[in-house]
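All remarks here apply to the structure that follows.
Labels A, B, C and D are assigned to the chains in the order they are written; within every chain, residues are numbered from 1.
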Amino acid sequence: MNELDADTLATAYRAVRSHTEALAAPLSAEDACAQSMPDASPAKWHLAHTTWFFETFVLERFEPGFAPHAAAYRVLFNSYYNAVGVKHPRPQRGLLTRPSLDEVRAYRAAVDRRVLTLMPRLPQEALRLVELGLHHEQQHQELLLTDVLHLFSCNPLKPAYREAEMSASAPASPLQWHAFEEGVVQIGHDGAGFAFDNEGPRHSAYLQRYEVASRLVSNAEYAGFIEAGGYREPALWLSEGWDWVKAQSREHPLYWQRAANGWQAFGLSGLRELQAHEPVLHLSYYEADAYARWAGARLPTEAEWEHAAATCPELHQLTSHAWQWTSSAYLPYPDFRASAGAVGEYNGKFMVNQMVLRGGSLATPPTHLRTSYRNFFPTSATWQFTGIRLAR
Amino acid sequence: MNELDADTLATAYRAVRSHTEALAAPLSAEDACAQSMPDASPAKWHLAHTTWFFETFVLERFEPGFAPHAAAYRVLFNSYYNAVGVKHPRPQRGLLTRPSLDEVRAYRAAVDRRVLTLMPRLPQEALRLVELGLHHEQQHQELLLTDVLHLFSCNPLKPAYREAEMSASAPASPLQWHAFEEGVVQIGHDGAGFAFDNEGPRHSAYLQRYEVASRLVSNAEYAGFIEAGGYREPALWLSEGWDWVKAQSREHPLYWQRAANGWQAFGLSGLRELQAHEPVLHLSYYEADAYARWAGARLPTEAEWEHAAATCPELHQLTSHAWQWTSSAYLPYPDFRASAGAVGEYNGKFMVNQMVLRGGSLATPPTHLRTSYRNFFPTSATWQFTGIRLAR
Amino acid sequence: MNELDADTLATAYRAVRSHTEALAAPLSAEDACAQSMPDASPAKWHLAHTTWFFETFVLERFEPGFAPHAAAYRVLFNSYYNAVGVKHPRPQRGLLTRPSLDEVRAYRAAVDRRVLTLMPRLPQEALRLVELGLHHEQQHQELLLTDVLHLFSCNPLKPAYREAEMSASAPASPLQWHAFEEGVVQIGHDGAGFAFDNEGPRHSAYLQRYEVASRLVSNAEYAGFIEAGGYREPALWLSEGWDWVKAQSREHPLYWQRAANGWQAFGLSGLRELQAHEPVLHLSYYEADAYARWAGARLPTEAEWEHAAATCPELHQLTSHAWQWTSSAYLPYPDFRASAGAVGEYNGKFMVNQMVLRGGSLATPPTHLRTSYRNFFPTSATWQFTGIRLAR
Amino acid sequence: MNELDADTLATAYRAVRSHTEALAAPLSAEDACAQSMPDASPAKWHLAHTTWFFETFVLERFEPGFAPHAAAYRVLFNSYYNAVGVKHPRPQRGLLTRPSLDEVRAYRAAVDRRVLTLMPRLPQEALRLVELGLHHEQQHQELLLTDVLHLFSCNPLKPAYREAEMSASAPASPLQWHAFEEGVVQIGHDGAGFAFDNEGPRHSAYLQRYEVASRLVSNAEYAGFIEAGGYREPALWLSEGWDWVKAQSREHPLYWQRAANGWQAFGLSGLRELQAHEPVLHLSYYEADAYARWAGARLPTEAEWEHAAATCPELHQLTSHAWQWTSSAYLPYPDFRASAGAVGEYNGKFMVNQMVLRGGSLATPPTHLRTSYRNFFPTSATWQFTGIRLAR
């Protein structure tokens, strides 16, 4: 493990922290306070919780004469760290109209000053926690966007978070299959640079011969699945997926709606005509699995995905559009050990009843991406930027 | 029915409308947007819905060349008027971060200008709708306070809506009983001045001899019920009330909590020591009924309450502190006819599975009070300012 | 209150107890064990609970050297008497495959022997409890039938409880209105013979002029309401009723279904063609109220119903077909006092959020009927034999 | 794949079918009809559904002039085969008091006669379906026992399904660890004899060095976990597991209860003193995982388990007491293909959000066991005979 440099880290700290504020800048105080479902959090909470992380794991342990910025925030902005004490109930985060957005911004500024002041004197152990906190904050940057998108989708006014980008949306390239030979491969983070604990240890895995698609499934291809009756044919679905389709009356992806002249999709730029050639987004694992079955293919395992991504430069859209559902359950790698202390609650304790997603999305900060990265969500999650890369 | 005068009504209009804004003044945009439970509404929604009422029932019908202030508001701020079309789902009112509080204030100002401009030319029928709209708005003034109080109670910071008033809280007067003779009495609104349709027709009712308490039950008296084990003795409770106590683990009124040195209660002035001599507040019908049974008394019927209030000047605290649960279900008076049109959905369609409350509370605008007034809530409601006047 | 004679009571005891067994005779052990919903109870449970009543309230108190038939039955077959101790959870009554139906029959026989042996030596107070137990058992006779009907309705085989009777179903007589003058009337049981505590005290009530229909609403008339779109028009429904219609997707009465050639209805004789001229059955309060509004009428109050039934011999179908929803909430009469002790839990504690039904149904034992009888159910109950008599 | 012999299969058919009836013999008609939770089925339903399988997949396809035994059974006793048409709702299986237990036994006898008559003339394809039906029935034999046990556990009488066996319960042997070297191993069914489709294809897998415990965790060892506060320490649990513990107020395994002199456990022989040296039973995946973490170990993967079981004769209690939770999610093996047609719905469509269990239990028919057998249940399931074999 390479030594961390305090100056370099301070630069990264300023960049990540200010990027979070830039993401929140288009939001009004009201936008930043509301919570549209228990799975999502208010933007204000993301702003505060990421700050709480630095205050709790860095300042409290390493700042001489530490005093909390505001004692009550310790409870209000803890997320799931049981070892750190009581938590505010997750479904009630939208009721925290106080502290105000301005007070939370002041909290951020105050903690930033203290962390940056302290940084030159921090030992390596503390710098590692700062680094972890920055990667943690980048995760919340993506969640801030997915959660705002969901909130805005609930508003009949269908507000846009940002202007539509001028995407010279070229036709999707023809889908090609890339083949990989059977054998033992190495999987997991190799130790150079930062990685979450769940990406290691690096280990051998045996792969059968397989093929992976060169790009993601497009909106037009997914629309074909819908038109072919995909949402009405139980044989295409996992049993639990079929129950989900019926219970939720699903007939299309989360943010799609039919208009007079075709499909529309709601996104960060508001409600727009569906872009046929762009990758389909916001699918549950059930939908991804059913589509793959309909297409005569399957989802890749995470080992297949990682080996292909690491060795095949011809694969496109690896991290540019959507996290890609794999057929692998989110479980510990052989000899996995969670980090010690409260930060050890970060990953390991969620290793059940979730599926691994690989790659990265349009909302993922580019410096947050790694081939070994293991994202994970429950099978019914659709509000993330999730899509399909086929295998066979 | 007396003729309405446009000038007088315009004065009342200005007073009521500005009072609503004064009530919302202490709230931040975030405070005004959040919804703490499906039964409550955001303050911003109250501000907008009361305006929607004037726009829909007055401007749309009587303003030449009417155009809506914003077409989408028609759906967003409709409450329960099926005849007026689609409604935004009630439990999602807190997700309406747009329009902003400022935009809603502009909506209010624009509608006020239009209504006041139109007022001198309005026919009696329209003036009656304006008058109804003002009484409707006064109801929402009280709800705005009860809903904000509930929202703030969910925040661990326990914010205060306003400064504590200097209440020279005198000891509660000794409770006295006032007796009323058996016989036929007249009940219901007598037609002079405004009344809701549910307060009439005035009609004869037969009352047996009864007695009514001179004041409300005090916090100290209710604390005695708790200390005597009132919440643990099923024989004191209606069967459904006992189920409610157990399902909700209730052991005291909604906003009470035990502190080291006794009871505290949360109110509009924040968390304070319980005032022993003030009337107990925030009780469900089940609690009021159980207390009365424990005290060897009962709740009055609404006819008993109205006859007593109308004829006995010795009764105190009739409207100053809490709505008083009666033992009468909320049902139509003999020969009740709902008003015609959409405003006829105002009262009649709620006449099932609710109980009548009489009097008025600390949050009721004084010009909104009448002896014949019939307030009503489900038996489990506790977030209103509700209390107990005993009868026997 | 007249003196009870032990011999006469013993004769009644034998008659009522054997009638219960006759009602259960067509049922297999499996039929008698299953519970189709929390509101319903297994027939075996009815057989046992009615026996538990005599064992607990008569034998345990008055039999020298009393020992329970089986100690566990004390918990298993208690229904809602908190004063008697722990209860088996109501929704799990269908899981009591032990004791067997044969064991419950043996329980009945043993308690019958002991009660009849004891009867000649019982004091008046005990004889009153026996009399109460018989009326209690008659209530369960009706419930046994309604609960079996619901159970059988859940079975795709649609089994019939009994052969269809040869009803020479004459055309419904023309509906006539009978008028009653305004004034003070006497309501409630007059003290001659048995009555439940909730039927008294007899007291004065003031009635406005009103009219009552000569017969119940027929299936054909109710079908007219359906065909006219009654289930799709919110203006006809109470707000809570409209929510119920939508949440339950109701489009017709509980046991109706459309067949190729018209309506069919499921009843104790199985699935049969709807009898147009017979009274409509199995309506909720919401449906009864909506039908009345559609028909330009209303439901009678319970005082109106009782006064009409007591004074007008021209009223038909008072007790022969269906309990008739009134517009009166189930509340205590003036000066009501519940009976002392555990049997005081019989009626009073249910006096909230239920509506009164008057009359009697095809499933009510004839000796159980009284003009002052107050039946009561929640507004959403449809599995009872409930119908409509209009007033205006 | 070896050829099936009709005579040998007929012998197996008679043995399996009569064993099912022997398992149901101690049950009354009531016992056989009740359903204690949606996950469980009535014994009568197991008797009928296993028969439906032969009627639908063998007789209907291969019997000349096939007519169903009873048309309605096609719906009533279908379980989850969407391709075969409508299904009776699973949670309502306990309401099928008709057909009676005797009628279901007659159904079994009639289908048995027809299958056995037909057997000598059946082609290999049909014999394979008969063989599949027998293995299917053996699965239901185990479920019949677990479901009856759950039903009886809900009855305060705590009935015993059978006499207690005279178990000369020797002290648990000292737990020993058996080590296995790193490398590529072969996993999955090798094709000799019957296997479910999910056990193949056989394929290579890479295993890191690991150790497996020689026996299962005992009741005494698990009691130690409880006494050490295992159910109160969130750090030991998966996040979802900790939510489960709190939501269900779990403090011990499903059928344990504290008595004056120690733990009691409910089982097929009724409520008995806990046998300290026997393997602990009825654990959820969450409990198994938490125990392993507390013990400084982990659960084996299914590949580890299978390789160990296939190669190490020193492992005890592989199939004699409890299915053993593995840390592997239930997912398809590489190149898995579900069987064609409706029987293809057997396994594959359940491959999500379940964990694999390996081995076999006291309730598993011995002829049903295979080293490659993949049992699977959701992580919260506790009513099966499930236990723990540690790995590290």
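Here, contacts are C-beta pairs under 8 Å (C-beta built on N, C-alpha and C of every residue); 3 or more make two chains touch, one makes a residue touch a chain.
Not measured: the values here are computed from a predicted model.
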Request  = Enter the minimum step count from chain B to chain D; a value of 1 means the two chains touch.
outcome  = 2
Ask   = Any idea if chain B and chain C meet via the same residues, over half in common, or different ones?
value = same
Query = How many angstrom lie between the CA centroids of chain C and chain D, rounded to a whole number?
reply = 45
Remark   = The distance between the C-alpha centres of chain A and chain C, rounded to whole Å, is 58
Task = Could you grab the centroid distance between chain A and chain D? Build each centroid from C-alpha atoms only and quote it in angstrom.
result = 37
Contacts with 2+ other chains: residues of chain D = none
Note = Each pair of chains that touches is included here, namely A-B, A-D, B-C, C-D
Task = Give every residue of chain B touching chain A within the complex, in rising order.
result = 28-34, 36, 72, 75-76, 88, 92, 94-101, 151, 154-157, 159
Key: Partner chain C, residues of chain B touching it in the complex   = 80, 82-83, 182, 184, 203-206, 208, 234-235, 237-242, 285-286, 289, 327-329, 331-332, 334-335, 345, 349-353, 379
